[in-house]
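Both complexes below contain subunit A, partnered by subunit B and then by subunit C.
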Partner chain A sequence: MNTLSRSFLTVIIIFLYFPILYLAYYSFNTGGSMTSFEGFTLDYYKSVIENKALMTVIMNTIAVALISSGFATIIGLFGAIFLYLIRQKYVKSTLLTLNNVLIVSPDVIIGASLLILFSIFGIKLGSTSVILAHIAFSVPIVVLMILPSLYQQNSNLVLAAHDLGASAFHVVTKVLIPNIKPGIFAGFLMALTYSLDDFAVTFFVTGNGFSTLSVEIYAMARRGITLEINAISTVIFVVVLTISFIYYFVSDKKIKRGKTT
Partner chain B sequence: MRFLITLIASSLLVGGLFLFGTKLLNNTSSSETDVLFVYNWGEYIDPELIKQFTEETGIRVVYETFDSNEAMLVKIKQKQRYDVVFPSEYTVEKMKKDNLLLPIDPDKIPNIKNIDERFLGLSFDPGNEYSLPYFWGTVGILYNPETTTGMDFSTWDSVWDESLLNDVLLLDGARETIGFVLNSEGHSLNSTNKEELDQAKQKLEKLSPNVRGIVGDEIASMMKENEAKVAVVWSGMAMDIMYENEDLIYTIPQEGTNLWFDTMAIPSSAKNIDGAHQFINFLLDKNVALQNTDWVGYATPNQAAFKELDEEVKNAKEFYPDKETMEKLEVYRDLGPEWTEYYNELLLEFKMSLD
Partner chain C sequence: MKRVLALPYLLWMVVFVILPVFLMIYYSFNDMSGNLTLQNYAEFLSSNYIKMTLNSFWYAFLITVITLIVSYPLALVISRLKHKTFWLLIIIIPTWINILLKTYAFIGILGINGILNSVLEKFGLMKIQLLFSDFAFITVAVYIFIPFMVLPIFNSINGINKNLIWASYDLGASKWEALTKVIIPLSLEGVKSGIQITFIPALSLFMLSRLVAGNKVVTLGTAIEQQFLTNENWGMGSTVGVFLILFMVFVMLVTRTKKESI
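Let's turn to the complex of A and B:
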């Protein structure tokens, strides 16, 4: 049974990662296409760096990811604390369900509805609209990432702080937030990865020359796949992989601490 | 708590810096005076010519591409700066109505003399005040003579033949699809006669057993791989496909068909208007047009360049039809929102009736 499950896992991992590795492998190909590997080159990485329009888009993408996850972390943190403090069970579960609905509802619907919203309020499509949209879909994720660590911490600490005369503000800033640090960090990183690779929502709200990497890659691929796309995709993959490893170590620490306390 | 403040503040700061950086990067490029913003269809100019233009005039060209007239229109309406655009003829008419084009000064474009007179002063822009033709073509039938053994495609009605069961591809465009059905009945493809249109719809429904699919760019790959025997396509698209699959033949049915143009025009958002005139004049130059026609492969309205083309290309009647056929061709008119909507509705109903 053990060997069976292990081989099953191996097959699944191969299926999931083979296409990405295949794509990364050919980004170093001198042949210029994905049919046969002729020799090693870094030309495509170089031409990505030299392409000013593409570099602008990459910088836009990073800017949007950082700004939106920054805001989303603040909003999500207070949302999570509020949810944690609610006493009435049905209010709490209703709010939590509403939060989860936003995570599972298709990006296309979120994107289209945001587009309608922005045009009603006369917000010009561009950097602002993209950042607002990214904050909107990141907040529920951050809430969901922070909530478990709130429940994991020792709730007596909060009561003790109250007993010892701490004001509500001090309870939140001195007790609650330091206790759930790993959760906040995990939420921030999750928001960052979601923002970096989002296509569907962003596709609706970009405009006026402002574009992010995933939207740009889609436009490029319509004109036929060049190995430049492979090169960018490889870079994104490595970045996202790194972030998820950091996230893994952070959450790993959190679980261990949860066991010892 | 300090950790949280550091995290948020640094992410916002770094993000803001990046955003500011890209704004700075783009501003320096667009404030240069000797820049020309060209907005063209993808793969629709020989890139060498852009370099040549910069060498001759010192004007740096910022070249962007679009994939549909509608996408281009959106950008122009949002006042995005472009100095030269390449709209199709019905879009020229629409843009003219919406005041999105600037008049072209013929005195600044001496190479107008190279354009074949047949392609000047057409209904969509009489007097060529706002546009000059870039490339032109038709809508016709692309077929594989081997798999359709001995069939004659000289009329539109041949597409309805029973032997083509599930083997015909149509373009996903209301004007194109309804248009060729109207042509097959001998009506104008700009018809605004409800009876004619409803009759066309009934005739189209009879075609449904033969229809393999109503598709866009996928026609190219499907025809290349011989997945379907017959397709109703634009001549330009047909040329591209025939380049890769030499068995195929393109033909213009004798009832007549659509004559389309992609034109050069100066949008209202243009800033370098002198440069735009220079660029249009440059593209109309005999040698430039010749090189560009070789590279793009579409039919050129430039008579001077046409004369220099290879005999083989010049004599290809399906792409440069003779006078008799030319007389039967018709340019799309902008029918106004109401009738355009009706055409779209007819095609949509047809698409829904397909399985």
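Let's turn to the complex of A and C:
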């Protein structure tokens, strides 16, 4: 590890974190702008909490993420087990390709084509259309997260269960699903991440009256700078940072413990 | 059992994957009052749209190349660290901050009274309008894509059998030779997926061009958004969309990784 690579790593990390810390720094600025820091205040945090419209938007975002990830995990779990059970190679690879279409498609294409779809089926733009759209793009991600854990598990367990007289239903509910719980959880978390982070698809299918945090920030940013956005961003950053460090140290400890025993 | 499992999944596939693509193709042959026409295609092939498409490709190309130049060495450096998963996590954490928030931060940083300009001023240089330029567009796009590019490259470098690298040293390869003749060729799959993850979205970024490029950079994504949501000309928007899908398929075929073809 020479100095050149160490300084390169440092520069990139500063580049990646600078904008986030920059927002956080000015979220405490009494000056009301992101240009000169005049004094310390927590006013913007207070006004975020007191801003009822904004709190509704935050609640919407969380609700959409939880509901859509829940449905997507169920559909994706079924899909992954179905793909796992298919024997014909050609059918499997075709279905997998179709599965991946929405993962590689640009957001604008997903948004625009779903907008057409909803208008044809007469689904009113609003919470329903946003949740349906989020389920749509989360399912393939869940499938891809669950498939590897299905292949990693010992397939003899499934055969043994069959031999011992378990019905197909019991093989799935008593053997397969308990074995791949971590994969299912990872799929749900990934769907949650995609849903919380989505802007473009939601922007197309949200209509008037319903909005998620991304769409709201877009509207606020187009109007100009308000430090309330900085305050929200700082809160999100602290939450994300805490969760990821807890996750890292918990999983790190597990690995180390596994090594010693 | 298989049928019960298959039903919701296949239903999702038909309604949300297959049907939307066909609807988009069908709409691309429609004019604003719903009559069948080829006019949208004629318009797309006119000079304006071709120019915009080339422009969009050029920016996507620049963004991908710069992101790759930064990300490859970064992935290499991280793969040699002691706590590599920790440093990888540090690189990935910013992706969990909403993309809009990061873009918004750059509005403050690059603005005429922003921090970058005050640094320039201290060095006795003139203030320049950095925001609302193609420079801003590329910087923010590269910023957003770096972690996504690092991840697949890191995975493929990390997966290289270390014995191969040691063998090349034993056979007299210099550090540089080991890098160019062993490590880079063996990590090409990761580079390919990184390019896929960057190039296709870079063709269609629309909110970036609205927020930080001041509409100076028009991408295919901007055109689609404008046709659908501002002009309400879904036919023309779908036509641009059909071309974007074709370009996407082309990029996917060019950068197809070996794993997928098996």
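As a convention for this text, the second predicted complex is superposed on the first by the 225 of 261 C-alpha atoms of A that agree within 3 Å, B and C clash if a C-alpha of one lies under 4 Å from a C-alpha of the other, contacts with A are read in each partner's own complex, and residues count from 1 in each chain.
Note that contacts are C-beta pairs under 8 Å (C-beta built on N, C-alpha and C of every residue); 3 or more make two chains touch, one makes a residue touch a chain.
What you see is a predicted model, and the numbers here were worked out from it, not measured in a lab.
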Which of subunit B and subunit C A:Phe82 touches, first, second, both or neither: second
First (subunit B), second (subunit C), both or neither touched by A:Ile109: second
Partner chain in contact with A:Ile236 - subunit B first, subunit C second, else both or neither: second
Subunit B or subunit C, by number of subunit A residues touched: C
Contacts of A:Ile74 with subunit B and subunit C, given as first, second, both or neither: both
Contacts of A:Asn99 with subunit B and subunit C, given as first, second, both or neither: second
Touched partner set for A:Ile184, first subunit B, second subunit C, both or neither: first
Touched partner set for A:Ala136, first subunit B, second subunit C, both or neither: second
Subunit A positions touched by subunit B in one structure and by subunit C in the second: 74, 222
Subunit A to subunit B touching residues, read off their complex: 52, 55-56, 59-60, 62-67, 69-71, 73-74, 77, 127, 173-174, 177-178, 181, 184-185, 188, 207-209, 222-223
Residue ranges of subunit B in contact with subunit A within the complex: 1, 3-4, 7-8, 11-12, 14-19, 21-22, 25-26, 29, 42-43, 65, 67, 78, 80
Touching residues (chain side subunit A, partner subunit C) in the complex: 1, 5-6, 8-9, 12-13, 15-20, 22-23, 26, 33-35, 74-76, 78-79, 81-82, 85, 95, 98-99, 101-102, 104-110, 112-117, 120, 135-136, 139, 143, 167-169, 172, 193, 196-197, 199-200, 203-204, 213-214, 217-218, 221-222, 225, 229, 232-233, 236-237, 240-241, 244, 248, 252
Parts of subunit C lying in touch with subunit A, wherever the complex brings them together: 1-2, 4-9, 12-13, 15-21, 23-24, 27, 70, 73-74, 76-78, 80-81, 85-87, 89-91, 93-109, 111, 113-115, 118, 143, 146-147, 196, 200-201, 203-204, 206-207, 210-211, 220-221, 224-225, 228-229, 234, 237-238, 241, 244-245, 248, 252
